[in-house]
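Chain lettering (A, B, C and D) follows the sequence in which the chains are written, and residue indices restart at 1 in each chain.
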Amino acid sequence: MSGDRRSAEEADGSGRLAAPVIPRTMRSAVIFGPDDMRVVAKPVPEPALGEVLLRVEAASLCGTDLKIRSGSFFPSQPPPGTFTPGHEYAGTVVALGPGVDEFRLGDPVVVEAHRGCMRCENCVRGRYTCCLNYGRSDKGHRAMGMSVDGGFADYVVNHVSTLYRLPAAISFEEAVMLTTAGTSMFAVDTMGGMVAGETVAVIGPGPVGLAAVQILKALGAARVLLTGTRESRLRLGRELGADVVIDARAANAAQAVREATGGAGVDAVLECSGAEIAVDQAILMCKPAGRIVLVGYFHGPVTADLNRAVKTGLTLHTIRGEGNRAVGRCVALAERGLFRSSPLITHRFGLEDIGEAFDTFAERRDEAVKVVLEIGARA
Amino acid sequence: MSGDRRSAEEADGSGRLAAPVIPRTMRSAVIFGPDDMRVVAKPVPEPALGEVLLRVEAASLCGTDLKIRSGSFFPSQPPPGTFTPGHEYAGTVVALGPGVDEFRLGDPVVVEAHRGCMRCENCVRGRYTCCLNYGRSDKGHRAMGMSVDGGFADYVVNHVSTLYRLPAAISFEEAVMLTTAGTSMFAVDTMGGMVAGETVAVIGPGPVGLAAVQILKALGAARVLLTGTRESRLRLGRELGADVVIDARAANAAQAVREATGGAGVDAVLECSGAEIAVDQAILMCKPAGRIVLVGYFHGPVTADLNRAVKTGLTLHTIRGEGNRAVGRCVALAERGLFRSSPLITHRFGLEDIGEAFDTFAERRDEAVKVVLEIGARA
Amino acid sequence: MSGDRRSAEEADGSGRLAAPVIPRTMRSAVIFGPDDMRVVAKPVPEPALGEVLLRVEAASLCGTDLKIRSGSFFPSQPPPGTFTPGHEYAGTVVALGPGVDEFRLGDPVVVEAHRGCMRCENCVRGRYTCCLNYGRSDKGHRAMGMSVDGGFADYVVNHVSTLYRLPAAISFEEAVMLTTAGTSMFAVDTMGGMVAGETVAVIGPGPVGLAAVQILKALGAARVLLTGTRESRLRLGRELGADVVIDARAANAAQAVREATGGAGVDAVLECSGAEIAVDQAILMCKPAGRIVLVGYFHGPVTADLNRAVKTGLTLHTIRGEGNRAVGRCVALAERGLFRSSPLITHRFGLEDIGEAFDTFAERRDEAVKVVLEIGARA
Amino acid sequence: MSGDRRSAEEADGSGRLAAPVIPRTMRSAVIFGPDDMRVVAKPVPEPALGEVLLRVEAASLCGTDLKIRSGSFFPSQPPPGTFTPGHEYAGTVVALGPGVDEFRLGDPVVVEAHRGCMRCENCVRGRYTCCLNYGRSDKGHRAMGMSVDGGFADYVVNHVSTLYRLPAAISFEEAVMLTTAGTSMFAVDTMGGMVAGETVAVIGPGPVGLAAVQILKALGAARVLLTGTRESRLRLGRELGADVVIDARAANAAQAVREATGGAGVDAVLECSGAEIAVDQAILMCKPAGRIVLVGYFHGPVTADLNRAVKTGLTLHTIRGEGNRAVGRCVALAERGLFRSSPLITHRFGLEDIGEAFDTFAERRDEAVKVVLEIGARA
């Protein structure tokens, strides 16, 4: 994925790509109903004001995609028969909408999922992942692959504020992991940003948790403790930099974390599992004045000893998505070799085989961690 | 309480009070066992380095005092037969320990409860209410009336960092409410400090919640909504500035808050009730990106829809006590007439009648809100 | 006029807004060259996506307007002969652009001056007054009355994110002061937001400084010290709540501030004068760890004892305009009676007399503070 | 020596610390007057409450030491003939004062220079390097080697809050650089902590600036640009990780920084030179909304285009010393190999040769960067 970047001459001097580059129709995975996703032909979309058209080169599957396929529609999701999911992808800029000079044709980019309405009070204050007009595309909000069409297709339209230019050192396949990593990075932002010298626990060695391990170490954390229930994932976590891994089936995770810290507890916890028990565990793991970030989605009500949180002055932050331009910071870490995508990628499929890709990811076949779709010729 | 402040001449020029002022023994309420508190004679303590001796003029009862009387000992509480509770009080400086020049003899002061060890990493960073040496008086930590003797006595020793000089406009009785108010103020600090123009819900019209109503309005909040279950308290809340009061027995409090805000929800919630259901309610009340501060202590595990918190980007802060010099800010508001103590004080007793004072407060006799002990001659 | 631009009478059965509400042309003050501003007829603009058309009811003059009239063009200012200044105004919503449901026809509103591009990294992070595309209207940035046409006209187009609905208690004339006050409020935000109990100095009793005095007191500041060189302005400052006023001609202002604080200095300084000497003075006024906000524009290089700032750990913040939705907080304070506009307004003119209005303001005739243009029938 | 001051050999059966470990007198560099520093015998000090006695193993010279030797006395400096400077050192814990259990005899530690009074409002809020009782040792404040005796001696007393335990991987000599690095780290803290993905300029390749280069890279900065006037220092900066080095004699540094960033400017600037021109340059280097930290001490008034700072929304932070426990974070980075001390150390002397050490450092003989005193046997 190094020498094959689109050369500048593919774009003519006028700012338009040569005619054959962008066809009228494209392949696109479309949700027709619960558990009914098919790859069909759709018109290639056109970029509007401030947007670009991307040729998707690679994409990856996220837990949210599984929910979408199985029928958990977002309130503002486009109707069945038209909607294309996919919010983790990287591609090549192939057309520019009006007023775009931030990117040039041929630029390789990776995306973040959220564009806020940029007019509500949260967006105006920089909290665009908490947009008060969430799902209202008439007001400019876009959750790619959730409230509008996403990247499981040959082409997709993105707003320039959701794009990050890729340096030559990062392949498209590697880049798609950086959207995932953006969530982990945003969690670190949200709990204060500065983790140098700190001891941090990560609950849940899924892709976000494993990315968090790397990011915490890259930002100077002294020690990272990872808890989980799958041995292969914990082993991977150790390879990626976790100083201590704890098998939560074999041990009381909170107690093990306390023991591993000489009884002191940790400065911060990133909860990336979505397990209902994890909040209570996180509270038990923390030092007084510690910070917890809830990253995972929970399936039901959560019960926890919040009185301990009150008595020890903890803060429970939450995040959704990857705000504050966190993906850009991940690109920077990856360029410097401080974040490695490859160990997270276990499976690759073509777009036509997206059904098998989903099954592989959903069933965690062969210890699947991240499943990538190779869509473009250059993925 | 205006013209009768101790005049300067009561203290001689040497920095010592005249002989008769400080006796060798004093009256002191002492915990002998569960539900066994008696007023007995104890030696007057002596101030050490950085400390002063106060003659207690007025004190008030807090929910924590009820727990202490009924036998819920703090891990580091002094042994039965010696321990004097009381952490909300105001008094007169009557002796200075070595190295004290921040106060002069005769100064009227109000206290905060916590002095950190000032050597652990939390204290060094300004988080002294989360001291890692909580309860270790050998290291300098003092939770007045909890881990060391407090103010239900004629005299008490305080570190200078826990004292705030009272302006002439504030009586001792009014001053003791400011320790309570300090908790409410610290909650506001913790959620960001700036509430001007915001809509804030307060759950629980106890003393801390009622103080919060006043403080939020004093700091420029546009609207304050108060929810509770006692009609008299809600009425009082309205008198103190609440724009909307909601009877949580008659209505779903969260739904009522949303309706009262046109469906939008509030910017922030101060949870001051300690009711297990309140966290779930607070989450439902908030706008995306809203802040919740958990101020009340919970009696057991709390169950809440934390997934909604995650999906809407909420932050759950917690506080314990009144850190960050919050009591001082309350003194300033009270001096300017922006915080009124009197409406909160419903009952007054002498020190000898402390048992009845506790019963009145515990049973909320006659709609008791705050019960004050008039201890000194000038209370 | 497009079909989706509904006229005001459609929404108003009262007959107050008589048809035809929106003419094709309007009166507009236009800059033709240095010191050459004339009121001419211009087409009424049309609101685009996310915008509304306002009928301007009242506007006020700011120091920046003086510079604009005298020829200090902004780099991105529209060309002479077309450009209409004016960035402080209030009016009535008379037409809605596509996709607008935040406001209704007939709504009275006040404005803020800045709409960011909402796509650069500063805008995306909530720092829209520091937009990296400042002046680039092709990318969506608008500095009303500076980089695009403003409010010294019968009609003006604003983006919804720059508007705040006025409660009935605030007149249009009073409202225009709130744009000015927004700058003062933003300065308070920027230095941390929480000023309760603090002692703050304000340098420069111009409109922004005088507004700052009120806002600081409204947010609970214990003491506000105002320094300036005009006796009438200092007197007004005292009426508006300043606890101490210092005539900077008669005294060394910094020394006077220190004396008035018992030698301690202040917690924070708002520099609103733009005087080159003021930074040095502000540094001398501050306690260790104090905060300074530079609000005034300086005319040339500033010389100051920055070494003292370093040795005492000061922070020098700066602001431009009124970001972070500060105007909305001022509306809330004004509605509660905590901010009074009337004392700041000394002169009123019709739009046709804008030249005299400018002269009055520029020369501070008759102790002019704020000069208001009564433009609409309901000003 | 009091009975509770255990000697080191009591704790160490290895015989490494041979008896009698602690003599009654020691070698100590003492300031007798301007440019008159001599190594004389002084009594070994005793640790008080919360303090330990260290045997100094290694120390290093800082610019402040040069000022002290040449006669620039701190206001609160001990009198000539008694005062021992030195605030960068590492050593071995050889005796514990009362109440100390944070350290054990034999522990290797590195220090930070400041212990606040821990009772003023700044200390209580975590701003101990801005202690309002600076220099008042009667109130507990200690600036080691500045307001009380420091580490250019065989033994020194430190408060436990100023000590950081050294892991085995860090030698005493390497450790002393970490006090210097603590200043650079504190600068990063102060400007927000999170520099991942950012472009940062460092002005001044002195020890603090060179340490800053390493720390910025260790915390994930994308690009670090270093400006200076000495070729050897710039070369060293590049070895330590600077992506771009700029010779400020050959180029306009600010312009060069802008060019190296494609005209955009940098996200932040650390001013570590103390050159009066540097503030103006820093302002020119920054993007809108950028942050500047003033780390260097200036010799006289500073002139800068602060109007540009105001117009672009910059913040000028300042720091003094190494607060917020920054040295501890440097120890963590060094342990992980992310901070290398060795390249900064150019010269080594014994304590007896401290005069030559000072001369070497003052005159920058042989391209001296950091000059280390090897004091203990284990340096």
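FYI, a residue touches a chain if its C-beta (ideal position, glycine included) is under 8 Å from a C-beta of that chain, and two chains touch if they have at least 3 such contacts.
Because the structure is predicted, anything quoted here is derived from the model rather than measured.
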Intersection of contact partners for chain A and chain B: C, D
Pair sharing more residue contacts (C-beta pairs) when C-D is set against B-C: C-D
Chain located farthest away, centre of chain D as origin (C-alpha): C
Centre-to-centre distance between chain C and chain B (centres being mean Cα positions), rounded to whole Å: 40
Distance between chain centroids, defined by C-alpha means - chain C, chain D (Å): 44
Chain C residues counted as touching two or more neighbouring chains: 125, 127, 328
Chain D-touching residues of chain A, taken from the complex the two chains share: 185, 188-189, 192-194, 196-198, 218-220, 222, 328-333, 335-336, 338
Interface residues, chain C side, partner chain D - complex: 122, 125, 127, 129-132, 134, 279-280, 287-289, 294-307, 309-320
Chain C residues within the chain A interface of the complex: 50, 99, 102, 118-119, 121, 123-128, 138-140, 159-161, 324-325, 328
